[in-house]
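Each in structure tokens, the structures are laid out below.
Look at the two complexes coming up: chain A is in both, with chain B in one and chain C in the other.
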Partner chain A sequence: MLVRRIAMIPVLAAGVAVCCYLLMFSLPGDPARLAAGPNASEETVATVRAALGLDRPLWQQVGDYLWGLLHGDLGISTRSRQPVLGEITAVLGPTLTLALVVEVAAVLVGVTVGTLAALHGGRWVSPALLAGSALSLCLPLFAIGLILQLVFSLYLDLLPPSGGGGLFSTAIILPALTCVIPSAGFLVRFVRTAVEDHLADDFVRTALAKGLTRRSVVVGHVLRSALTPIIAVVSTDLARLLGGVALVEVVFARPGIGKYAFDALETRDLPALLGSLLVISLLVLLVNTLADAAYDLADRRSAG
Partner chain B sequence: MPTMPADAAVRAAPQAPERRWRRRHVVAAVLVVGWLLIGVLGPFLAPYDPDRTSLTADSVPPFPPGPEHLFGTDQLGRDLLSRLLHGLRTSLLVALAIRLLTMLLGVAVGLAAAEVPPFAGRVLIRVADVFLALPPLLVALTITAVLGPSLPTVTLAVVAIGWPEVARLTYAEARRLRATDYVEAARALGGTRLQVVGRHLLPALAPQLAVAFSVGLPGAIMYEAGLSFFGLGVQPPDASLGTLIAEGRSFVVPAPWMLVVPVAALAVVVVSLNIAGDLLVPPDPRRRLRLL
Partner chain C sequence: MTPMPSTNSPAGHLRRRGRAPALAGVAALALLAAGCSAIDSGEDAAAPAAATGDPVRGGTLRTFVSNDPGSLDPALISGYDQSLVAANVLEGLFRLSPDGTGIRPGLADRAEPAGNTWTVTLRDATFSDGSPVTAEDVKFSFDRLVDPDTASPRAALLDSVAGSAEARAGRADGLAGVRVVDARTLTIELSGPDAAFRAKLASPNLAVVSRRATEAAGRRFGREVVSAGPFTLSSWTTGSTITATASENYWNGRPYLDSVEWSVIGDESTRMVNFEAGTLDIAWLPPSHYARYANDPAWKPYVQRADSIHTEMFAVNMDRAPLGTSLPARQAICFGVDRDAAIAGLQGRATRAVSLLPPGLGAPADAAGGCTYDKDRARTLAERGGIAGRELVLMSRSWPSQVATMQLYQSNLKDAGITVKLEPVDDAVYAQRLARGEFDLAWDYRVPDYLDRDSFLAPLLSSSRIGSGNSARFDDPRVDGELAGALRATDGPARGTSYSTVDRTAADQLPYIPLLHNVYVDIHAKKVRGYRYSALDLPDYSTVWLAPGA
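And now, the complex of A and B:
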């Protein structure tokens, strides 16, 4: 089954590439005019159109694009005249760092708090937690980022409001926190339900009856059986995050593929935009496939 | 397969939860319709003309709260409450349009996929799947790049990222309904495809589609706000929550309320619509979250 899923990747990737291409070049706007600039004459636009191959039938264009992709060719950026692939690989690192930091933190917070809430959910704790996690989901990422910037940079002057930086710089804290809030809020809610579902199961009662400690039952039995849905949710979240950090990167002026795509948008750099769209889509695809594989490992019944 | 006689099923249904279920739906409907009403009526509730500037009353803070300018004024002396009410209208109406178009496209594709020969149907659904794998935000950016920033573009962009979910839902439900006895009976009695879809499938799907419509509203509002915030949607002097937030950001040092007020408004709208969504469907955590 896993082999089949891996074999599906190129097929889906080709589908995604075709979709991206059609999305960009079948809309009523004129990419050649965009690339040539607003003041270009008709002849220049025609030359650019020919140079970009946009004067040929659509299926030939799509074919050429796919052929180029096979050779690692994402086209040339109209802004910097550099190959798009090189530019994207340069900015991919910061984005992946941010996404991974966020997801790890979100899983730690989500699983711990969610499990504790399920175990000790008193009359006040549970509603408070649920309200908190509902609140964390009520603002788009960019708005959370703005508020954090206002509080932590402008008023408390604790953290830098913008800038790049790796894992160990203070500049990563605010963007990461911004993304962790909704992800963790979502996971807390989910883990709590998943754990509660299993607390009443027969095997939990049996494990307790045979003298295992509460802690080992919770970790070894309850969380173990809640693992598969948690994997599913975390992978969905990670996929969403990869596409969603773009605006956070823009808000915090943080280099990354989202910022790159946004800058490409501002300068009407279609090849760069198309390349970012494609690379992120492929990453999402990869995450989903890995999640499927992890799913099979965690629950042998689903592998078949 | 043994089936329960119809009357037994009716008798087995407990009364109380049924009534509570209905109350949940009423509250949810009130929340959704209430916000849409505020969206439509907002400009009539506004105390001032949102574009009226004032040289003497600029950057009036909302504290201490006074009846004159409840939320203060901006750098040009425009009343923030009035601007907020106008912005809310844009945001809510755009969200409404987005959801209606999303439902229309999604239902059309979903029904088509269920009605055409199975092979073609599966291809259609695979197309929807590929769209689901695309990062929504970047798709929206791409569409805006090609079409240029404007309100219709934002609407189109958010519809483009929302329809596959509706299509999948419609497809799955339509397939399930097609196998039911009454649809089969309708077909056996000589109902044309259009009749079966219009008289039996669509009415049976309606409640779920209404739920899907409302559940997607907060996401649509957040997307519109995000795209407008980055200057890709509503263009000045028109205001939406997103442009108000963007404006507030530029004046955050002298007048922080200009940022805080629209952000808080956005949060209140989304929270109440989220609550409405949770009341309609018991929250399924695996529901795809659409956040920016």
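And now, the complex of A and C:
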């Protein structure tokens, strides 16, 4: 099953590439005119159009693009005239780093706090946590980012307000925190509900009756049973993050594939836009495939 | 206010820069090269000067670009962010003075026209890799600009050079008019007089690059550029930072700064947070922060304003009735918008435009007046022009600040009985519709590609530029004649008269309705000294230094 899904990825990727390419042509605006500038003569625009390969028939452009893909060539950016693959590689690193940091932190916080909220239902802790998670979901990302910048960079002077640092740079903390807050907020609510549902199950009562501690029942049985839906939520969130959180990248002046794709759309840099959409699609397919594998694993473990 | 350095420019200019949207099209250089022949004596062109205390070497200036410039290939420079970095990294035969109002010699030691032929003698200069700058490199750089394989958006800069048409069409291998005499001398033969040629030579598009290094870089050229500017590209992290280090062998002396770091920060709030956190030394001052800094005595000296060489206008589609065919209708629009209210909305960061030419580019003295807001007069003219009660489409870009100003004008015009439907569109659609004439009325702007009135008026008004700058599709043989004559004239006053005539004709016929000239506003850290404000918003950091302990 998993092997078949992996084998389908290239086919799906080719489909995505063709769809994206055709979609590009439905966008209003002339990429050659934009690249040449508002004052360029028709002659100059024609030269630029030819240099960008936009004067060829559509079928030929699609064919050439797919042929290039087979050879690992995503084309040349119309804006920078640099290979798109190199540019995407440069911005993909920060996106992957941020996404993984955020998801690991969100899972740790979301599962821990969500479980605590479920176990302490009825006390003041649970409503407070749920109110906090609701608030985190209501706040727009850019607003969270700006608030964190003001607090941690300006008032406390603890962290840099922006920058494209890697895993061990302090510049990643604020953008990561900005993304963790809503991601963890959603997981808190989700995990709480899942754990509460399972706490009422017969197997929990049986386990407790057998003398197991409450902690071991929750960790060994309840959370294991809740694992499958948690994987679904986490994989969806990870796919979203891998697609780039353009607003966070803008607020923290952080390079990333989301902002790269957005800039490409604005400047009608079709190769760059196509390349970034394709890479994002591949990442989403990969995450979904890994999630499927994780489901199987989780099912076997919970069954065992 | 921190005194401005003043060794080479009289009275230390206080021109200023600041916020600017993506001013695609700025490239830049040099002032009204009226007659243009001998070079300014200017060995002190980039000579740093003390503001307070003695300049000291060292440190990194942290500044910004709004978007990753993508490439610093001189032939591909057409955007504002590219020009910001290029002004400090590239070097041509001429360069813009630090305050953006004059031309200074660059790599040219002497450049004198005799008839239609310029003889250029290069100074003893080296590229950032230590190799000498030769006439062969100059020819290579110029040939490369017009090579159809380069597909440069600015190839037309060399249209007046003999053999340009053949080279651009790929029928000739390089420009026949550019000839290498010896390692330090070349001649440039023009196919006819070009009074703006000196200004064009100061464009970053005509920067000189090392042939050997360019060919070695291959596809990487643009990210790896070997030129002879005051700073040398040393690192480039896509979408994040660009760093340039001081060129030890810069012909005009090593800059004081060790390096300049441009962070890619597109969001103005993020720029201000960085400035306030001390991680950015220079920032445009957005309206939301302006009053706080401008009214603070501690910061007021570091808030700088400067008139820009920039005009905002409405372009009228002269091919479409009723606006294009009715002068009273166009006058109704001209008198029907309240520019002063728009300026107030911009916190005074603009001035009224009474002419297409901005004051910094020699607006004719008799242009004073323009259209003063008068809604009753506008209503009368609208009725006479047949636009009362008819809906007109006003196309603008979708930038929020611009839409807000357009809504104000829309409201003004409604008060005068003129119904305007506002259509904000994204940049790509805007450029396409402007070129094709798919609008009644459109917001438009102009900044010069090179600092000469020709670069301002010819694209807007020449019939040969319809759809490629002349968005109004204005066609007047008399104006064409004046523009061509001004470009051929070697006599400064005669050029001035021609441009005055053109500007006055535009004011009479109103294919464009002048609105505002931007005032740039920015703020810099207290330690930044020797910072000159460029009227083109293209600061030259070769004169900047950082005061220790400030």
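In this text, the second predicted complex is superposed on the first by the 280 of 304 C-alpha atoms of A that agree within 3 Å, B and C clash if a C-alpha of one lies under 4 Å from a C-alpha of the other, contacts with A are read in each partner's own complex, and residues count from 1 in each chain.
Everything that follows uses one rule, which is that contacts are C-beta pairs under 8 Å (C-beta built on N, C-alpha and C of every residue); 3 or more make two chains touch, one makes a residue touch a chain.
Nothing here was measured: the structure is a model prediction, and the numbers come from that model.
Clashing of chain B with chain C is the outcome of superposition onto chain A. With both structures placed on the common chain, the touch criterion links A:Val111 to neither chain B nor chain C.
Of the two partner chains placed by the overlay, only chain B lies in contact with A:Pro229; chain C stays clear of it. Of the two partner chains, chain B is the only one that A:Leu274 touches; chain C does not reach it. Applying the stated contact rule after C-alpha superposition, one finds that A:Val218 touches neither chain B nor chain C. In the superposition on chain A, A:Pro182 makes contact with chain B only, while chain C stays out of contact range.
When the shared chain is aligned, chain C comes close enough to touch A:Arg79, but chain B does not. Once chain A of one complex is fitted onto chain A of the other, the partner contacts of A:Ala134 are limited to chain B, with no touch recorded for chain C.
Applying the stated contact rule after C-alpha superposition, one finds that A:Pro255 touches chain C and leaves chain B untouched. By the document's definition of touching, of the two partners only chain B reaches A:Arg240; chain C does not. Contacts of chain A with chain B, set against its contacts with chain C after fitting on chain A, overlap at residues 27-29, 31, 34, 146, 150, 154, 250, 268.
Within the complex, the chain C residues that touch chain A are 24-25, 67-68, 70-71, 73, 76, 78, 148-149, 151-156, 168, 219-220, 222-223, 237-241, 263-267, 269-270, 273-274, 276-277, 279, 426-429, 431-432, 434-435, 449, 459, 465, 467-469, 471.
Residue ranges on chain A touching chain B, taken from their complex, read 12, 15-16, 19-20, 23-24, 27-29, 31, 34, 134-135, 137-143, 146-147, 150, 154, 182, 186, 189-190, 193-194, 229, 232-233, 236-237, 240, 242-244, 246-247, 250, 258, 261-262, 264-265, 268, 270, 273-274, 276-277, 280-281, 284-285, 288. Listed in rising order, the residues of chain A touching chain C in the complex are 27-31, 33-45, 47-48, 50-52, 77, 79-83, 87, 90-91, 94, 146, 149-150, 153-154, 157, 160-164, 250-256, 259-260, 263, 266-268. On chain B, the positions that touch chain A within their shared complex are 126-127, 130-131, 133-139, 141-148, 160, 218, 222-223, 225-226, 229-230, 232, 245, 249, 252-253, 256, 259-260, 263, 266-267, 270-271, 274-275, 283, 285-286, 288-292.
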